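In the two assemblies presented below, subunit A is common to both, partnered first by subunit B and then by subunit C.
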Partner chain A sequence: MEEEKTVNELVGEFPFLDGAVRVPRARRIFVTVPLDRFQSVFRRLVEAKGFTYLTTITGLDTGETFTLLYHLAAENGVVCTLGTSVPRANPEIESVSRFFNGGDIYERELVDLLGIRVNGLPKGNRYPLPDDWPANQYPLRKDWRPEGAPAEPAEE
Partner chain B sequence: MSDHSITVPIGPQHPALKEPAGFMLQVSGEKITGVSIRLGYNHRGIEKACEDRSYIQDIYLIERICGICSHSHSTAFIQAVEEIAGLQVPPRAQYIRTLVAELERLHSHLLWLGVAGHEIGFDTLLMYTWRDRESVLDLLADLTGNRVNYGINTIGGVRRDIDPAKIENILKIVDAVEERTKYYINLATEETTLIQRLSGVGALSKEDALRLGAVGPTARASGVARDVRRDDPYISYGELDFKVCTSDQCDVYGRTVVRLLELMESFSIIRQVCAKMPDGPVSVKAPRKVPAGEALSRYEAPRGEDVHYVRANGTDRPERVKVRAPTLANLQSVAKMLEDRYLADTPIIIAAIDPCFSCTDRMIVTDERSGSTRGMCWDELRRHGIEWYRARGIDTTRIKLALP
Partner chain C sequence: MGIGKKIMTWARIKSPWILHFNSGSCNGCDIEIVAALTPRFDVERFGVIIRGTPRHADVLVCSGPVTRQIRDRLKRIYDQMPSPKFVVAVGTCACTGGVFDGCYNVLGGIDSVIPVSAYIPGCPVNPEAIIDGVVKLVGSLEEGKSA
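Up next, the complex of A and B:
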């Protein structure tokens, strides 16, 4: 199986990944790395393991941290989701736009919706919020609610 | 050059595009020298809204992300939920999902062909293809009860079964639309004005398509043989035989040819699905609460790969739903396609990635005096339309159509 081969190679090259890799089904790999190891594993996946297509980036509010998931696809149908966390107090990460020219739009979503600082993001229009959106309002944070909405959603 | 350079704003509201997107084009004479795209005018906060609703409610919300790719989004979402919940969806349900998926591709590609015709001043093609598309929409209404936003999916299966009479009707219409498609393929390969108008327009090399993460027909027309149906099979595609259509034209003409050839593959897939339709139930019971977990789901929508990520937290509501629609991936390539092109090619270049716009059609009659409401069934609505026009001196029933 393609995904098993990739996982074995990765754990061989990065021993700290032992136990941090999950293969829930065929063609799906989930890897979690600490922030300081993120760039090296990301580069390895893109440059040597055939994960040449960034399908998208998911940002999640996970309480004390924000979790960032980079969904990288290979031509053989395997998707490797590389996840890392940044502290809520200082949410900062390096841009991956030097690997993927088209990836900046997904990073702009992290900036607008979760308030992540992405270092090295090329200049460009913001996305997806309007230009007059108030500062420090990040809609995908769990503690953010639209103005006038009930504090707890009504039961159906 | 900079002395004569001006900026032309196209959009966010513009008659050539049916949904808002802003293109700031730097123009020197007739040539485009720089492009800046502003998106997000239609950001509705659906991902956030999903976190406040149950999984069942989310199916209907997510189906409304897009009017054309509605089945694409709802299937991509429930696949992720079913994977987390560990549900075994019955094969018959998967075949019905595949059937609706390919019918959706038919009407979407026919719609695109019409729009492309319109953007290059070939409105006869728009009239022809949209008439053919109507017969596909009728099939979808017959199968699911609606022309778009079908509501066929539920967690664990589908909500309506299919009977032999419906299959017979599908095969009849598919035969007729296939004949029409062969005519369009002849047109696209022999009509020199069409070929010349589209060739070389909106060029995107294979390297750029890969570099910019292009998906769907946009990528395949630049020689990138990428199709989730084959590369990462889902629903019933692993059991079906079909080709991934590509072209090395790398331009709008290539995108036209790829979509036309994909129509032919879809006819074949629909016939296979109808012939192999397994017996059995169409759904399994799904729990209201989904156990904690996560899944990434991919789906080859008519416009390209649709990606959904779902994280569950053990309640009846998802912790996070992330959606990446194909147009967002392809808009990265549009800036490249517009560079060094003529300003007048802008509408067809943008339209050639098939950016998505919504359409829907349903009617409830409300009597204001009594306050009563009643729904009109499809045949009643059609009869009402014919009578309404006839009373005004237009008899649409006298127009001869090629299709049954």
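Up next, the complex of A and C:
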């Protein structure tokens, strides 16, 4: 169907993706890319393959790495999930807000809750944690403990 | 009680005006609060009008657990209400923090910030339970208690 065509074109253009694409059911594609090729595959999907909608970005704490899943949707109903990994010791990735203006909100969640550094974010306040949250407490990491949260403010 | 105070109490019993505030809820209880104001359940027959400002309100109807961000705003809204004022905590999250108690950004139920007069549990609250809670609150006014 439509996703077969997209998959074949993608593997043709990026030979390193051979074996990294999975189609478990109709209109659903899963692609895993290494971090250094991520931007080129993402750009191709958005600009040439018709995936004009960034549904959401998922961040996972997978031990030695953080896995990032970018869920893209096309007008014909095909949803493609582009997955990549950043190392835990140096979690850094380029922003996709130049393709999607509203994409910075998902990336700010990665910054606040998992501590991933996203380069190229437009200027803005932190989201979603409050402004007085301490600097290197990342609540959604598996090794975070509630003792890291700030103490309750004293009653007046 | 003097005659002036009797009239004021009578006005508050016969027509408590409410302000609805969401302090971090999923909106399930907000939908039920609005449903209680519709003709099917009709809490407006008790004289309840929903107002847009705390300065006009007798009762603060609040849903949702208190998050760190909302804490100062909720306190400020409560301070802006003129006395005597009452607070109704609608929903399990507003009573105790609900499923979110202990989460990294949640301080607990409404009573961790402001004094609460009536607790209405439920997830979401049945509009009939909201009416029951409002009637009980008004009944306690009649007996002369206040916040």
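Basically, the second predicted complex is superposed on the first by the 147 of 156 C-alpha atoms of A that agree within 3 Å, B and C clash if a C-alpha of one lies under 4 Å from a C-alpha of the other, contacts with A are read in each partner's own complex, and residues count from 1 in each chain.
To be clear about the criterion, contacts are C-beta pairs under 8 Å (C-beta built on N, C-alpha and C of every residue); 3 or more make two chains touch, one makes a residue touch a chain.
Source: prediction; values computed, not measured.
Peer 1: With the two complexes superposed on chain A, say which partner A:Phe42 touches: subunit B (first), subunit C (second), both, or neither.
Peer 2: neither
Peer 1: Thinking of the overlay built on chain A, is A:Leu129 touched by subunit B (first), by subunit C (second), by both, or by neither?
Peer 2: So A:Leu129 meets both subunit B and subunit C here.
Peer 1: Where does A:Phe66 make contact in the superposed view: on subunit B (first), on subunit C (second), on both, or on neither?
Peer 2: Neither subunit B nor subunit C is touched by A:Phe66.
Peer 1: With both complexes superposed on chain A, which partner does A:Pro139 reach: first (subunit B), second (subunit C), both or neither?
Peer 2: A:Pro139 contacts both subunit B and subunit C.
Peer 1: Kindly classify A:Arg27 by the partners it touches after superposition: subunit B alone (first), subunit C alone (second), both, or neither?
Peer 2: After superposing on A, A:Arg27 lies in contact with subunit B but is clear of subunit C.
Peer 1: For subunit A, which side has the bigger count of touched residues, subunit B or subunit C?
Peer 2: Of subunit B and subunit C, more residues of subunit A lie in contact with B.
Peer 1: Looking at A:Gly102 after the superposition, I want to know if it touches subunit B, subunit C, both of them or none. Which is it: first, second, both, neither?
Peer 2: first
Peer 1: Jot down the residues of subunit A that show up as touching in both complexes, subunit B in one and subunit C in the other.
Peer 2: 129-130, 139, 146, 153
Peer 1: Could you list, by residue number, the parts of subunit C that touch subunit A in their complex?
Peer 2: Of all residues in subunit C, those touching subunit A are 67-69, 71, 102, 104-105, 107.
Peer 1: Where on subunit A is subunit C touching in the complex?
Peer 2: Residue positions touching the partner: 129-130, 132-133, 139, 144, 146, 149-150, 152-153.
Peer 1: Flag every residue of subunit B that touches subunit A in the complex, lowest number first.
Peer 2: Within the complex, subunit B contacts subunit A at residues 36-40, 43, 45, 47-48, 52-54, 57, 83, 210-213, 226, 228, 231-233, 293-296, 298, 305, 307, 309, 311, 319-320, 322, 324, 328-329, 331-333.
Peer 1: Could you please specify the touching residues of subunit A with respect to subunit B in the complex?
Peer 2: Within the complex, subunit A contacts subunit B at residues 24-25, 27-28, 30, 52-56, 58, 60, 69, 71, 73, 75-77, 79, 81, 100-103, 105-106, 124-130, 139-140, 146, 153, 156.
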